[in-house]
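Two complexes come next, and they have one chain in common, subunit A, joined by subunit B in the first and subunit C in the second.
Showing the complex of A and B:
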């Protein structure tokens, strides 16, 4: 007996929705759990069975942002270091990426590969030489030091990504613009850059995420006054136990800006990330 | 083109190798003694007369911080010191009260706290770069001091310098075993660090459970199960098993399990097992003199001994009847499990007492007693986990002298007492003199007002006993220890997961240990 089409479709949809629901639960449950725990008391956090409806308690957040909690200082360090590093990487990466995409010079491919290979190097292999250089330059524990450190891993990535995006833009458009009177820079600025804007946004968001979430470089190159939010989170694991309430609240604060940024630019993010996959 | 790329990669790797080689320092021929330890105004100082330092709030009965007459406490004003330390209670207490030191000396102190792994990494980088980003170092005896003693200032240079402040109460006021393990490396010629904190493993137990079911247990098993120096590890196992079975049958409702352990694949597992290993007369190396000042070459492993096999077998039996969470708990997890009220006994670091007596984090407030750990065939052994603080020798003379003032203050009985009482600290002092004052003596008695104010004092009576030479267990202080520690807890973890027998476990530890040390 043949199964009617509408039954087939219903079964298929049910299956698909089940898979999507399970995937969502798998991905979102830990985050929801963390956010809920951040507004529970410590006793409520570990009560069994867990309560999904309760009166929220914002004492942990109040403490964190109080003078004693000092969290604002960690947060501002994170914002300054990640945003500035992203801006520097985007500016230099865009110019460098354009040069690599359009330049016609000896060993261009080798140079491109070398640039991205610095991003592939394992962090422990580069930490000591970097530490030595930073130490001699007096950069350890300073904000410029942290900026340099973040830029060492953001810039190669931005440069490589932007090079790929610029290669997608037909060179003939810039040549036509220059015939019409544009300078080389104007051709770059007015003709080549606008089409890669989604790629620029995607690269920026990824650079921001890399530096915002970084722990390794921040833990080594930051100092007493320049510690970032991920470093602050690690301080909650003490010799005498874990400050669970603050850990949950810190986790919530860490993910929130990235979620908001991701949602705000999701259209560009999808466009940008798919640009390099056209060919 | 391919050859071109390959050539560049090789050149790149060669440069990296050269930089790494240039940066690494396996040994140093520099002397650890600073070139100048004299006070700035040395010629105007009368070394025959000691004068109290201008700190406020002296506690009666404790040695005061003093300096020779004419010493200017502000002579290093403007110097900035960076202190790197693990995120420990004494560090938090010092950070919260650092203005006391800064106001008197004019020295700015930045206390940077991290997890121990990060402290080890940053300290190693700083030493290898011969930099002095960090002037005062949290010198973990095993992970930092044993490997990097050549990078520390020999503090004897300051102790012998009469124009600088002396250690209040003298070196003899420190607990001797702690001064040895935290301060020296290889011999007692050079002193690299002063004792700073001192967590030690003792037994936390639920007195309500042990009192209520004492007679029933005695009728069943025929011995008094009250934790204390007479209880053996075999009897501990019997008690843990009995409680776990009775709780499963619903006959005991106060707890769910007889015992809990910090048996995660982690440093905590080595510490937990070491209590039993040393109790049965075993140790990790044949050389039995490694636990105090340490040695650069530990010699052959002793893990194939009968004591090692027996203790591994017994440890496995104990974990099998303990709370199932034990194999995923380090000391923090165990502390939380015990504070949740599920466990009747737990070998735990004594400074967890403040967690157990805090109503915000514990359901067992007022129900906890502390006892020495059970004994083995040979002795009682209590793992010690304390640390010292020392001075980076690559700083300038002025920074090193300023750092000495900080060490004198931070390890003084007065500061140790302040740390003990601090709301953000609570760590127990490393000084004899602090334990002798009346208020602290009262704090060691359960139920007193002082014990409520300073809950970490509750386990101190047994902890003071645990620190005695015959009762303490100091793991081998050798440069290879971090690697060997990893072998130990990895193999023990396999044993607890039934992947290998206790005999195979100790033999594997011995084999890997000998390979690592070249013996």
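Showing the complex of A and C:
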């Protein structure tokens, strides 16, 4: 071969880094641009050609979190709804996931398919009967209604995730504990649960993300007092145009906690997402 | 490994009487001792899931045969009118057609770019972790924020992307033009979810056995040959699973369209999920919407069945 090996290697590496850099620019430019726009002045945001260097201005954030901007109420609704629905789904999902992993149910395959199918059901299709059901029960516009709605996608996801994690824990230890006099539940609590703790955290963060990012359910089921941050973002789009400064600031607030949390559990992410159908 | 029956026998014979009494007395009282702890553990979940899945499903079937306007008090039976209204309707088929285009084009791009980037990252001599971390950030962006961003970047008077495109001579209102709007929303989905394909394929690549690749290299196969003959067959199952998941997601895709184009211009981005929302909440025709929802449900169940088959194949 005429070309020396180290030259070939350099060419290959240059090629690889170029591709990866381009990909990262494509993935991150919109996000960087959003964060930058959220700290620009109104005039700076709309100037053409676009400005990449400027003095940051936090007026939009100040307004949003002021009495007038009323952003705290959206934020607290989002936090309450997503945290509570995550806790409910985690508790029930852990118990049920363990049962699915260990119990010899009749028609176990059909049972787990049914569980995952409730997660995969197209939201536009199920939102209708749920809407009618919720309005008959007086749940539209209430926090329990929103919690219940979020549970429809978080619980099946938590069940499947926890089932997968529990299946990886060897059963022998629990059997030994039960022979020593533990009840089935004690064996679950003391022996099987501790090793799946990291999986539990990952599942929790993904549930948190699904409900935090939800727009469909929140826009149909939430009322004036229970609107979440994604709904707040959509309200900025009006007939008269869009309050872009606030929209960018709201977007920044929506994604920041989830990006941090998501990156923290990225090791488990693929497993979780391929188990539970994304979003 | 012992079966449940065997270890419960073992348990009985080894337990002290005190423990045994304590653990079964409550159940004895209710005369339901034949149920195992596992049944109690999963019961609350089953009840909740039943309420949120069986009821809506039956209700959809019921509503699909009723004249059911949100404003009317009593729905009345109207036979297959809704089904006819839905099935003999150009908008319905056009919406499914767009969903299909969305799925095929979107998934093709996501797989091609996703696999390509995964291979590039896999070959990187340094900085793999940092690249993966940055690359996957779009996954965590709420779909509604993705939509807002798309709308902001593509705005023809002050959008960054519109400006970049105008530099190369492309000067259209991208989201306002029938020819480009669907492509734009597909690309928003591609932007958000290509990293997921990369993650899944990368996980597959990292778990590949080293031997077949090395053997192929020793035999003098070049990179492309190794890819096609060795790598692709080994990760194809992973890619298929990723595809199934994503295709079900695309069926649910509504948020971004709601924020960006509202199905327009001239219906060019009206995918099936959005059409359903329109029939239900804008035209308030729940009967027709129910029939429409059932067609979506059937499609999902079909895809879900394939998914579960793939996932459980390896377990047996």
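Things worth noting here:
Keep in mind that, in the parts below, the second predicted complex is superposed on the first by the 258 of 279 C-alpha atoms of A that agree within 3 Å, B and C clash if a C-alpha of one lies under 4 Å from a C-alpha of the other, contacts with A are read in each partner's own complex, and residues count from 1 in each chain.
The rule we apply is simple: a contact is a pair of C-beta atoms (placed from the backbone, for glycine too) under 8 Å apart; a residue touches a chain by one contact, two chains touch by 3 or more.
What you see is a predicted model; the values in this text were computed from it and never measured.
The superposed arrangement places subunit B and subunit C in clashing positions on subunit A.
When the two complexes are overlaid on their common chain A, residue A:45 makes contact with subunit C while staying clear of subunit B.
After overlaying the two complexes on the shared chain, residue contacts for A:140 are found with subunit B alone; subunit C is out of touch.
Of the two partner chains, subunit B is the only one that A:223 touches; subunit C does not reach it.
Once chain A of one complex is fitted onto chain A of the other, the partner contacts of A:96 are limited to subunit C, with no touch recorded for subunit B.
Between subunit B and subunit C, C contacts the larger number of subunit A residues. Shared-chain residue A:26: touches subunit C; no touch with subunit B.
Contacts of A:125 after superposition: both subunit B and subunit C are touched.
Of the two partner chains, subunit B is the only one that A:107 touches; subunit C does not reach it. In the overlay built on the shared chain, the residue A:234 is in contact with subunit B and with subunit C. In the overlay built on the shared chain, the residue A:156 is in contact with subunit C alone; subunit B does not reach it.
Here subunit C runs into subunit B after the superposition, and of 4-12, 58-66 or 76-84 the stretch doing so is 58-66. Shared interface residues of subunit A, touching subunit B in one complex and subunit C in the other, are 46, 109, 113-114, 117, 125-129, 132, 219-220, 234, 237, 242. Listing the residues of subunit A that touch subunit C in their complex gives 12-13, 16-17, 19-20, 23-24, 26-31, 33-34, 37, 45-50, 92-93, 95-96, 98-100, 102-105, 109, 112-118, 120-130, 132-133, 148, 151-152, 155-156, 159, 171-172, 175, 178-181, 183-185, 188, 209, 212-213, 215-216, 219-220, 230, 233-234, 237, 242, 244, 247-248, 251, 254-255, 258-259, 261-263, 266, 269-270, 273-275, 277-279.
The part of subunit C that touches subunit A in the complex is made up of residues 1-4, 7, 10-11, 14-16, 19, 23, 36-39, 41-42, 44-46, 48-49, 52-53, 55-57, 59-60, 63, 113, 116-117, 120-121, 123-125, 131-145, 148-153, 157-158, 160, 163, 191, 193, 195-196, 199-200, 203, 241-242, 245-246, 248-249, 251-252, 254-255, 258-259, 272-274, 276-277, 280-281, 286, 289-290, 292-294, 296-297, 300-301, 303-305, 307-308, 311-312. For subunit B in complex with subunit A, the residues that touch the partner chain are 1, 4-5, 8-9, 12, 16, 19-20, 23-24, 82, 86-89, 110-115, 118, 121-122, 125-126, 128-129, 131, 133, 199, 331-332, 335-336, 340, 349, 351-352, 354-355, 360-361, 426.
The residues of subunit A lying in touch with subunit B in their complex are 42-43, 46, 107, 109-110, 113-114, 117, 125-129, 131-132, 135, 140-141, 219-220, 223-225, 227, 231, 234-235, 237-242.
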